[in-house]
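Scrolling down, you'll hit the structures one after another.
What follows is chain A paired twice: with chain B in the first complex and chain C in the second.
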Partner chain A sequence: MEHGEPRGEPSGAPPRKVLVLMRKAPYGSLYNWEGLQVLLIMGAYKMQGLVDIAVAFVEDGVFAITQGQDPSSLGMKAIAKTYPALPDFEVDRFYVDGQSLADRNLTLDDLVIKPEILDAAGMARLLAEQDAILPF
Partner chain B sequence: MKIGVMVQEGPYQHQASDSAWEFVRAALARGHEIVGVFFYTDGVYNVNRFMNPPGERVIGKRWSELGAQGIPLVACVTDSTYRGITQEIAVPNAKISGLGNLAEFIQQADRFVTFGD
Partner chain C sequence: MLFTVNKSPYLRGNLEGCLRLAPAGTPLLLYEDGVYAAAAGTRVEGLLRQALASHPVYAVEADLKARGIARLIEGVRVIDYAGFVELVEQHPVVPWL
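This part shows the complex of A and B:
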């Protein structure tokens, strides 16, 4: 199949609930960046009504959406700049683990987007209701 | 049960690759269906046909044998391009193709399991 071309059967089945779970810091490994690519593809499938896509930031994953990133000396693009554009690609449900923020002395004001803050029970509910969780 | 699998790490470096292969074999032995294995990021190295570890398990060949049983093995084309993995370099039963395949596997699967770091 062509790269990124949705071709799922247009059945009457409800969309699969997919959560991309960002666990890792944005630089040092490509995990966060590659998770972003998956989000963009899943947005295309959401447009077809085939999936429902959300993204949650936990542990060091919260650093992916902090303001003021300048990884130019690493030869990397600033990952955080992509997140505010995701709603244009049908990805508009953002969650963050409140404890992960607090542990790193971060608040919503430090972030480039305004995700919904979940406590441990809320995060557990979010994970439990997914058909698929893709950890990055 | 229909199960989809993603592998995010390469062979001989990380347990994820071996664990994924063992998981697929065990699931098949239990009568489950594997809708596909998607190799992402360094995971694309798993389909390199030129692995030749003296006296050791040949991870690429093992995957290809599962592919010969009809299990779709797909390595991400973008990550493969980054890493110099081409269709000519891939084991016979693996395909180099797009991220859309990952979405297809997720849609088809009752459960989706990721092996990575």
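This part shows the complex of A and C:
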């Protein structure tokens, strides 16, 4: 089963590697929120052994996981609060682009989760090893 | 004239383009993702300092709060929605979308 539909039971084939790539800031558009919904759904596929899920934050995507967000006056929910709960949905591999953090004067201490920091070469290797990349 | 910027300063030279064309002295209002430009110590701080040298610069409080931006570049004036409305009443608006 190389390109078949996902099935309800493990096929014996190695899980397909999927990377959700967060590129957009959290409140100015719905991209990040939609990426989160996809992660929650993909968690169900991971539980069936069909996929391996990783999440990488690059460019303005790093703003999704900063501490101190309070969008109550915008009538929205705090995006950052969902990320620490993702391991409960079997999504627990997080990466962040070091340059994107540095450009925005952010460090790991400013974030709600502790992703592995990658340089550009490391990020390129991560992208290269995926079967599918879903950018948001 | 009031120039309003609601896109991230890291995207497509949006803020840069606005600053190149906004006449000196006209106020600049940052809202939505535009407020990321007001954060201190970033790669784009120089851009905003350049703006502050020739424009009054405002940032909407609710958008700063939503994004957890606490450390602002000195000189940026934080306003609430009432202040936003007041500026819009006082100036013809140029939305730099």
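Keep in mind that, in the parts below, the second predicted complex is superposed on the first by the 127 of 136 C-alpha atoms of A that agree within 3 Å, B and C clash if a C-alpha of one lies under 4 Å from a C-alpha of the other, contacts with A are read in each partner's own complex, and residues count from 1 in each chain.
The working rule: a contact is a pair of C-beta atoms (placed from the backbone, for glycine too) under 8 Å apart; a residue touches a chain by one contact, two chains touch by 3 or more.
Everything quoted here is computed from the prediction, not taken from an experiment.
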>> Under the stated touch criterion, which partner chain does A:E59 make contact with: chain B (first), chain C (second), both, or neither?
In response: second
> Where does A:R16 make contact in the superposed view: on chain B (first), on chain C (second), on both, or on neither?
Replying inline: first
>> So in the superposed three-chain picture, is A:S73 touching just chain B, just chain C, both, or none of them (first/second/both/neither)?
In response: second
> Who wins on chain A residues touched, chain B or chain C?
Replying inline: B
> In their shared complex, at which residues does chain B touch chain A?
Replying inline: 4, 6, 8, 40-41, 77-79, 97-104, 106-107, 109, 111-112, 114, 116-117
>> Residue numbers of chain A touching chain B in their complex, please.
In response: 1-8, 16, 18, 29-31, 34, 37-38, 41-42, 45, 50-51, 131-136
> Which bits of chain C are touching chain A when the two form their complex?
Replying inline: 6-8, 10-11, 32-33, 36, 39-43, 62-63, 65-68, 70
> Residues of chain A touching chain C in their complex?
Replying inline: 25-28, 59-60, 63, 66-71, 73-74, 76, 80, 102-105
